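In what follows, subunit A forms one complex with subunit B and a second complex with subunit C.
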Partner chain A sequence: MSVSKNIILFALLSVLLIVFMLAMQDLDVLYNSYGRDYYLLYGLEETGSRNLVSAIYLDYRLFDSLFEAGILLIAVSGIIWISKHDIEEKNAKFMIDKYKTPDLFVTFSRLVYPLMLTFGFYVIINGHLSPGGGFQGGAIVATAILILYYIDSERETNIGLIVTIEKYIFMTIIVLASISLFTRGTFFTNFMPLDASLQMKSIYLVLLNLLIGFKVALGLWTIFTAFLKEGR
Partner chain B sequence: MDPILTFIVVLIGFYGLSTSSNIIKSVFMVTIIESGIILLFLNLGNYQGGSIPIFSEQVTSIVDPLPQALMITTIVIGSTVTAMALMLSIKVFHYYGSIEWKDVLGREELKL
Partner chain C sequence: MGDLTLIDASAYALQVLLIILAIAIVMHKNNGTIIILIASFSLVTASLYVLNSAPDVAIAEIAINSAIIPLIYVISISRQREYIILDKVNDDFIISDNSFTGIGYVILKRFADFYHLELNITNDPGLCALGEGEDQVLCEATNVDLIITKDTETNQYVFKGKNSSILIHKLEQLTKDHDNIRVVKFKDRDVGE
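And then the complex of A and B:
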């Protein structure tokens, strides 16, 4: 790359930096503390979730989470569609070879696997009380499932079945989120009435966290399997 | 000062994106830009003396939970976008036999 092009590039990046610094100057006026004060005052009694991050993505901004789950589903379908090919795979077992994996690693994977699965479900189910939630716990569960491929490299996975289950879970999430239309009169919020106890409200939160966690775990599992099949 | 430092991470990503010669490196640079944006948002929501956004009776002030909830979305979407880009680069490699930009675009004078 020539020197003049480099100078032009640095000049453009400097312009971007100066524009950003100018935009940051009146940040104290634009960005105030009303939002976080509101969440601290009314977050628990309106949503029933002690973890206010879960309160936002499961109740206040559930619309965002639904479309995020939709994007995950579309991306998984796209990756499977792109990765289809007719060429015979020569060294599909090359990436994870049973004879190259050390025995110590296999033994410890067998020990760690149930612990990781338990920890993932703990993070999912306690998502409304402690740090965690469906997305994070789903990633942990997916990582635990990937260990199985190290233990047994000849494991066959039915990708079509997994994606079908994922689609049904996504529809269940939409249906569960829409029940509030009949009980509260508004879309995409907790279906328990506003004056219900915390335990009753947490039924909805645990159910939705579980469904989102399963969906994320299945999606990441499918992506990994699609990359595993690419050895040729 | 801190938001400007995180924006410099984004600018490093832009610089790498416009000078990288390899598709895989470009995918890495997109990931770096995304990390810079995540840091920027978490930095905006942070403030001195606030505790973690979990409600309890002793807590009087918290950091803003809204940017954290938005960034969970960004991380999940970013991982799927990275996976999609890497899968497309595998297809490009099988079609062109190379993942250098100058081979893929067919422009020999493009010496990045």
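And then the complex of A and C:
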């Protein structure tokens, strides 16, 4: 029984491999540099972003980014759902026990916390000029908030409020991305006209990066608070 | 091999280091060391991203995998070390003279020290107010490991825990000689049974 199963599995895998190799014939068509060349030539001019990664995920492929932000929201909802306690219970006191966290760690966290927060916001706001952006900066801000829990173990968090704010920010992102329908005639792109200056265009980029950064920070905050509350 | 630049050489070295770290993560036994290894693994990965001109991905990798994930692991493991006991007995079995000196506490302390656990004894009034019949549900729904009650008929202290926990079996062996302690093990049930 198991031998015949193995044979069927092997045959299926071989068919898959052959189909895959046949599909990969036209590598020159698949791996071309048209897209790259286009972004290099027109990216800065069209989107106002010096960081071409930001240019792609905030302008050319904003539709994809919206769903990526949605995935995080769904993941947060799933984690709250799986961790089985209701929201009121989760708002209970935080429980990293004070005497268990080493003093050295607490002192060092106090020192590092403002720096982390500043660096996080720097990465968010400068997302269109230097490497980084909403997601990366949001993750750094979330780490800073996590450090805060080690400093003050008596901290209380209202998860319901955080999730609500996150949902509203997600809706604001969609609305901000849709404004371009009225100014440019298409969905999900920069709402400034195409011939506006780079500074004008970067207003939109900074706004969207800030919103995405807040959303990611709040989402990660919810996730690790759910983990922390799970203990008690 | 002739035109091997410094960047190429360091990339190869980092990739070898990555394999070594991955094997070390799988082979190592100490949880604390594994967390540090995971953090350094993602640090090496981030350096490789930078070498391949992807600084955006490198920043995300550092922020998520060498900061948030290890901190979450630290919290999860510190939870695992605890043995949470719900004390429903209101006499001097655990707490006598307002301190942990009762005979029950001495037994449990010896047990916890032997298995490198930290005792966390609570007499939360909300949980204690639940009736005897709720004890099994309490064990399943919360992370209380042991519930201590008193049987008024036989004058015995009853330790209640889940049958699937190995520790409750060890506790049963340890308290075999004590006549006034009885261990009750709850059979595991499927969800909705």
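Keep this in mind: the second predicted complex is superposed on the first by the 191 of 232 C-alpha atoms of A that agree within 3 Å, B and C clash if a C-alpha of one lies under 4 Å from a C-alpha of the other, contacts with A are read in each partner's own complex, and residues count from 1 in each chain.
In the analysis below, a contact is a pair of C-beta atoms (placed from the backbone, for glycine too) under 8 Å apart; a residue touches a chain by one contact, two chains touch by 3 or more.
Only a predicted model underlies this, so the values are computations on that prediction, with no experimental measurement involved.
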Partner chain in contact with A:Val206 - subunit B first, subunit C second, else both or neither: neither
Subunit B versus subunit C as contact partner of A:Arg50, first or second or both or neither: first
Touched partner set for A:Leu17, first subunit B, second subunit C, both or neither: first
Per-residue contact with subunit A, leading partner among subunit C and subunit B: B
First (subunit B), second (subunit C), both or neither touched by A:Tyr31: first
Touching partner for A:Ile82 - first (subunit B), second (subunit C), both, neither: first
Contacts of A:Gly132 with subunit B and subunit C, given as first, second, both or neither: second
Which superposed partner A:Leu146 touches (first subunit B, second subunit C, both, neither): second
Partner chain in contact with A:Val123 - subunit B first, subunit C second, else both or neither: second
Touching partner for A:Ile179 - first (subunit B), second (subunit C), both, neither: neither
Subunit B/subunit C common contact set on subunit A: 51, 53, 131, 133, 135-136, 220, 227, 230
Complex interface listing, subunit C residues touching subunit A: 55-56, 58-60, 63-64, 67-68, 71-72, 75-76, 78-79, 82, 141, 143
Contacting residues of subunit A [partner subunit B, same complex]: 1, 9, 13, 16-17, 20-21, 24, 27, 31, 33, 35-36, 39-40, 43-44, 50-53, 55-57, 61, 64-65, 68, 71-72, 75-76, 78-79, 82-83, 85, 130-131, 133, 135-136, 216, 219-220, 223, 226-227, 230
Subunit A to subunit C touching residues, read off their complex: 51, 53, 84, 96, 100, 123, 131-133, 135-136, 139-140, 142-143, 146, 220, 224, 227-228, 230-232
Contacting residues of subunit B [partner subunit A, same complex]: 3-4, 7-8, 11, 14-15, 18-19, 44-45, 47, 50, 52-56, 59, 61-66, 68-70, 72-73, 75-77, 79-81, 83-84, 86-88, 90-91, 94, 111-112
